[in-house]
Every structure is written in C-alpha cells, then in structure tokens.
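Working notes for the structure below.
Note that the chains take the letters A, B and C in the order they are written out, and that residue 1 is the start of every chain.
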Amino acid sequence: MKGSLMKTSTVLALALSMGAVDAAAQTGSQTGSLSRDDVRAVSPALEHYATDKLANGLWKRPGLSARDRSIVTIAAVITRNQGILLPEQLNLALDNGVKPAEISEIVTHLAFYVGWGNAMAATAITKEVFAARGVGAEQLPKAAVDFLPLDEKAEADRAARVAQGTGPASPGLVRDTTDVLFRDLWLRPDLAPRDRSLVTVSALISAGQVEQIPYHLNRAMDNGLTRAEASEVISHLAYYAGWPNAFSAAPVARAVFEKRSAN
Amino acid sequence: MKGSLMKTSTVLALALSMGAVDAAAQTGSQTGSLSRDDVRAVSPALEHYATDKLANGLWKRPGLSARDRSIVTIAAVITRNQGILLPEQLNLALDNGVKPAEISEIVTHLAFYVGWGNAMAATAITKEVFAARGVGAEQLPKAAVDFLPLDEKAEADRAARVAQGTGPASPGLVRDTTDVLFRDLWLRPDLAPRDRSLVTVSALISAGQVEQIPYHLNRAMDNGLTRAEASEVISHLAYYAGWPNAFSAAPVARAVFEKRSAN
Amino acid sequence: MKGSLMKTSTVLALALSMGAVDAAAQTGSQTGSLSRDDVRAVSPALEHYATDKLANGLWKRPGLSARDRSIVTIAAVITRNQGILLPEQLNLALDNGVKPAEISEIVTHLAFYVGWGNAMAATAITKEVFAARGVGAEQLPKAAVDFLPLDEKAEADRAARVAQGTGPASPGLVRDTTDVLFRDLWLRPDLAPRDRSLVTVSALISAGQVEQIPYHLNRAMDNGLTRAEASEVISHLAYYAGWPNAFSAAPVARAVFEKRSAN
C-alpha cells in the first residue's frame, strides 16, 4: 500500500515537473490593472473576448504549457511596453510556476534584446510585485554566477559569421555581442537556455523584427523548443503583439521548419 | 417660401450626413494633455507647428473628412501607445461625429490588430472620457450582436490563401484568424466595414507593418475608401506615426493603386 | 609666466569647445528614475550591468564623444517612448554639453520623425527638467528664426526623387515633406545639420526603420559625421534600442560605407 502511494506521488512529481498540471492552469482576468467593469464601460465585447477567447480559450489550449504561455506573454508585454498588463501577468507567471529567479533573468535578458528603457520600466513594476509577494534577495540570482558551459565550436561559428556580416559596419557591436551577450548573459544559469531562447524569439516576434528570427528560432529548437510549441507561440503572440506581427513571423518560421525537416 | 425653406433644411441634412460640415471641423489644440504654455516652455517652434501645421493646416485640408481624420488619428495613437494624446483625440472624435459605439468598436478592433495591452491602456483612458461626457451602457454595442452578412466566397478565398501560407507555420493562428477575426470581429455591425478597414490600414501604417498593407488596403478600397482618401491617410499619418512610417507605406500603396487601375 | 598661463587657458577653452573634455564624461547611473536599490531588488545582475557595461563601459569608450552619446540616447529614448529614462538622460545631456536650445530642437525634430505623440510625451518631461535647472524662454529658439542657407541643387534632387517615388501614392506627403521638413524644420539654425542628422539616424535605427537609413546616413556623413562615429552610434544604440535593431541597421550601414568608399 505504502509502496503504491509513493509511486503515485512520484508520478505526480514527475507530472508536475513535466508541466502536466496545465489542467489547473491559472489564466488571470486578462484585463490587467483594469476591473472587468472598467472594460465593460468601454466595450462589453472586449470584456467578453477577455473571458471567452483569452482566459477560457487561448490560455487553456494544449499546444503550450501555461508556464510557457506566461513566459511568452511577459516577453511580449515588456517588449511592447504595456505596463498596464504587467502586474497581473507577473502574478500569473508566478502562479504558473515561473520562479522569481527566472523572472529576474527575463527582465535582465530583455534589457539587451528590447532596450534598456523597457527593462527599467519593467523593473519598476516587478519590484512592486516581488515586494507584495515577499520575494527577497535570497530568491534572486546574484550578479556574479558560475556560467553554464559554453559550446566553443558553435560560439566560434556564430562569432565568425557576425564578424563577417556586421564587423565592417560596427566593430564595437561585434565585440559587445561576444563579450556581453554570448560569453556572459546567455551563460547565466538561472534561466534555462531553452527558456532564454523562448524569451528571445517572443521578443523578436513582438517587435516585428523578423530578420533575426531564423537564427534565434533555430537556436530555440536546438535548445529543446518543439515545432508544435513554436507554432503555438506564434498564435499566442497574435493576441499580445497583434495579428500583423504573428502574420509576419509565420512565413519566416515556416521556412525554418522546412529547412530543419529537409536536413 | 415655406417649400424652399424646407428644401434648404433637407439639403443641409443631406450635406451633414455626407460629412460636408467639414468647414466647421473641430481641430483641437493638438497638444494633448499639455497646455500650449507647457509646450512653449520646451519649444516655441513645436507650439507654433501645432497650430500652423496641424490644427489650421492638416486638419482643415479637404482630401479627408474631419471624422475620418479622427478615426485615423485614434488608430495611430492607440497603436503607438501615445496616451498623452488620447483624451483630446477622443473628445475631438466625438465632436467630429464619431459615435461612442464606433469608438467602442475601434478600441476592440485594435486589441486584435495591435495587441491586447494597447487596447487595455486605451480602455483606461476612454472610460474616463466616456464618463465625463455621460456616455452610458445604452450607447455601447452589446457583446452579442447580430452579425453583418458574410461574403462566403471572398472569405473562403481568404481562408484558403492563409491556410496555404500560414498553416504550415501555425495552424492555431489560421484557425483563430477565421474564428475570432473574420467570422466574428469583422462582422460586428457598429463600425462600418469601410471604417473598420480604415482603422486597420491606419494601424498597419502606424506600426510600420508594410507586409499586410496590400491585403487590407485593397479590402478598404473594396469597402469604399477612395484612392484620394487613402493618399491623404498616408500624409495625415506622417504627423502622428512619424514621417518614416508614411514613407515606408507610400510605395506599397502606390503598387496597390497601380494594380487596381490596371484591372 | 603670465603669457604661458594665458596660453594654457586658451588651449583649455579650445579643447572644451572641441569636446575634448570627454575624459570627464558624465555617465549617469543609467537606471533612470529608479535607484540602484530598486534595480537590485529585481535583478542584481541588471544593476551590475548598468555600472559595468553602461556607465563605466559604453559611455567612456572613445569612438563617440559623451555629447554625441547623449544626443543619440535622447533620440532613442524619445523614439521608443521610454519615459522612465528621460529625466536622467536629459540632465546627463545638459551636463555633457548639449545646450537647452539643442534639446528644444531635438524634441521638435522628433515630432516629425517619430510622431507627434512621442514629442508631446517628451515635452511633458523636458518641461520639468528645464524648470528644475532654471532654463528659461531666453535660452530657447524662437518659433520664427532666420533659416540656414539651403543647397537648392541638392534639395531639388531630393524633391524630384521623392516626387517620382512617393508622389503617385500621396501628393500631400510629397508637398509636406518639402514645405514642412526640408524648407523649414531642417533649416532651423539652433541644431547643427550634422547633429540633426545624428538625431534622425538614431531615431530610424531605434524604430527599426531600415529603409530610410541609406538616405539619412549619407546625409549625416555629408554633414560631417565620420564613419567611425556612425559605427559607434550603432553599437551604442544596441543598448538603448535593443540588439536586434542594431543588427538590422548594420548591413544597411555597411552598404552605405562601401558605396561611399568606392566613389
């Protein structure tokens, strides 16, 4: 009896670690800092869509875990400077299993991928959410950490390609890309490379920057993001970054998928 | 005498309904939530341009009605998250004949075309403007409405084209585009299809998303937007979305115009 | 003795006027309206990067003067609507030798290059900074000024090219580009053409609007911006507008550099 009980808890623990708790996914009101009555005072339809299409629809769809949806949404909201959504989405992310340390790294990562000012605006709001939930310094990654191991071969290839294409335009950019991003930021251990890639791809789609999608989508898939997940990232972002950005990303993603299938 | 008097009032009513009251177009201060003195304290030139180029220039030009200019401007301001302009522009829109029900639909429409967070930020401000002007629930479209008739043939063509191009990248996006946008949002009756297209095209230009302009500009013109109006939409948006976005849109619009002329 | 003392002060004055005081460049905290403790409460790493990579790194690098870095940063911050950074950056710019009259012109210039709403949001913040530092009306350019001389030949070429490419799409845009921008805004004397170009190029890169970069980067270099400075503008903007925008700008800049070298 006891043996089977333990087995059940092991299975549950395993299931939890695999994100199979999505049946209990937290979905939020999706109206950010506004009450549902506030939204209804402008548009009963918009309030209806918030429940029907977002909270009870998109957020409960299988293709992507609630935790991943939270990571993608936070990346979109910070990229697009949509402060009104951020407090609710940060709370939702924490409820959906994104750790404070991971949120700390996401904000830091986006400082470089969407600009310093967006990260500072996000920091001002995150600070309040962390304080309200009692998230203290001991839960945050330190400034100095032991880096993840670097794939020297892949990094050398990347650096060579950038040196060739970007070097003649801006040697400083080439140097910083190596020193600040790929031999520093990307090696910080408190956000898994797959999740860091998910943040990056989400930011690129949300900003309409399609040119860098191929490199980063390939990297994301090399880091473990599945094709089905990537597909659903695009349709999730239609809601938070607007349909046109999703439509601009789709053909680029398609080309990446097809090239990987052909190999 | 009485007969001719009645005739005059009929003509006036007709003229009003055709937007011919543009001679009395409301133009606003164009300084948003700032006073003219506020602007002058930073740049007397900027304050001068607000009057000379915007209020007394752009907004009084013939090519586009004041009501259309208000729709275009609100779309630009929400797309670019320029909250500081929104209260004045919403009041101006109401003064220029845009109905509260239409504003409600514009905000709802843009939730999908520029992202949920932009719509929520706009909702927070619109709620205040509606409250100050006594706009109540009875003036707003309900969540559930009788849809406009659907052109099944055109919609089938659109869906087939999207399924082919976008389907391999994101089946979820294809499905939502049909279910949420073209068989739901676009069929809501309280914003005329021509005006809904005007909002969409304005949002695309304001966001620099040129790729989707051909489809939506053609749709706008099929829905009744004239070439002269579309031309003036672009030059109007230069002021609110910045010159570079207008310049990026122009060659795309030109190709659309030329292709339609050739047919 | 006295002679040599005077000489020293003359040299110093000359050095100051040439921007050679960059050794004493003001770098700011780079955390905008947030304290360092605020940032540390979310991400000790981000706070570390602010000092290590920005204040003590980027801002002290030789390739671009601190005054130019301030102009570039203010353009990026206004373009991307990052109000949280603006008060500190405006103060930093004034400390780094950007004159109030120049800031006034930068805000005005960006009204047309990134949109009216961004300029109004910037005006609201600049007004407070000017008031706190006692900048009065006598330090600001008047609305009506004596224009710089116009290169009629170059302007005729530009106008002809735009009329041909943009005219068929939007005659209004062509007319306004001539009347409002190139025969008015660009001729205002309180921001040197080279600096006005620097603002424009920075805004284009920050907004991801690569299509207009070739014309304006060439114009900037014709106006005196060196290739080394332009290179460093790109790497500076990686931090404030996000890496993807810098990477999208680099190949376009490279093509401009190569074409100018070939001539």
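Definition applied: contacts are C-beta pairs under 8 Å (C-beta built on N, C-alpha and C of every residue); 3 or more make two chains touch, one makes a residue touch a chain.
These numbers were taken from a predicted model, which means no experiment stands behind them.
> Among line, ring, star, complete and other, which one matches the pattern of chain touches?
Chain contacts: complete, every pair touches.
> Could you label the chain A-chain B interface same or different, taking same to mean over half of its residue numbers are used by both chains?
different
> Using mean C-alpha positions as chain centres, tell me how far chain A is from chain B in Å, no decimals.
Between these chains, centre-to-centre, one finds 32 Å.
> At least two partner chains per residue is the criterion; list those residues in chain C.
Those would be 81, 208.
> List the residues on chain B that touch chain C in their complex, please.
Listed in rising order, the residues are 30-34, 38-49, 53-54, 61, 63, 76-77, 80-85, 206, 208, 231-232, 234-236, 238-251, 253-254, 257-258.
> Hey, which residues of chain A end up touching chain C in the complex?
Touching chain C: residues 81, 104-105, 107-108, 111-121, 123-124, 126-127, 130-131, 137, 140-145, 165-166, 168-173, 175-177, 180-181, 188, 203-204, 207-209, 211-212 of chain A.
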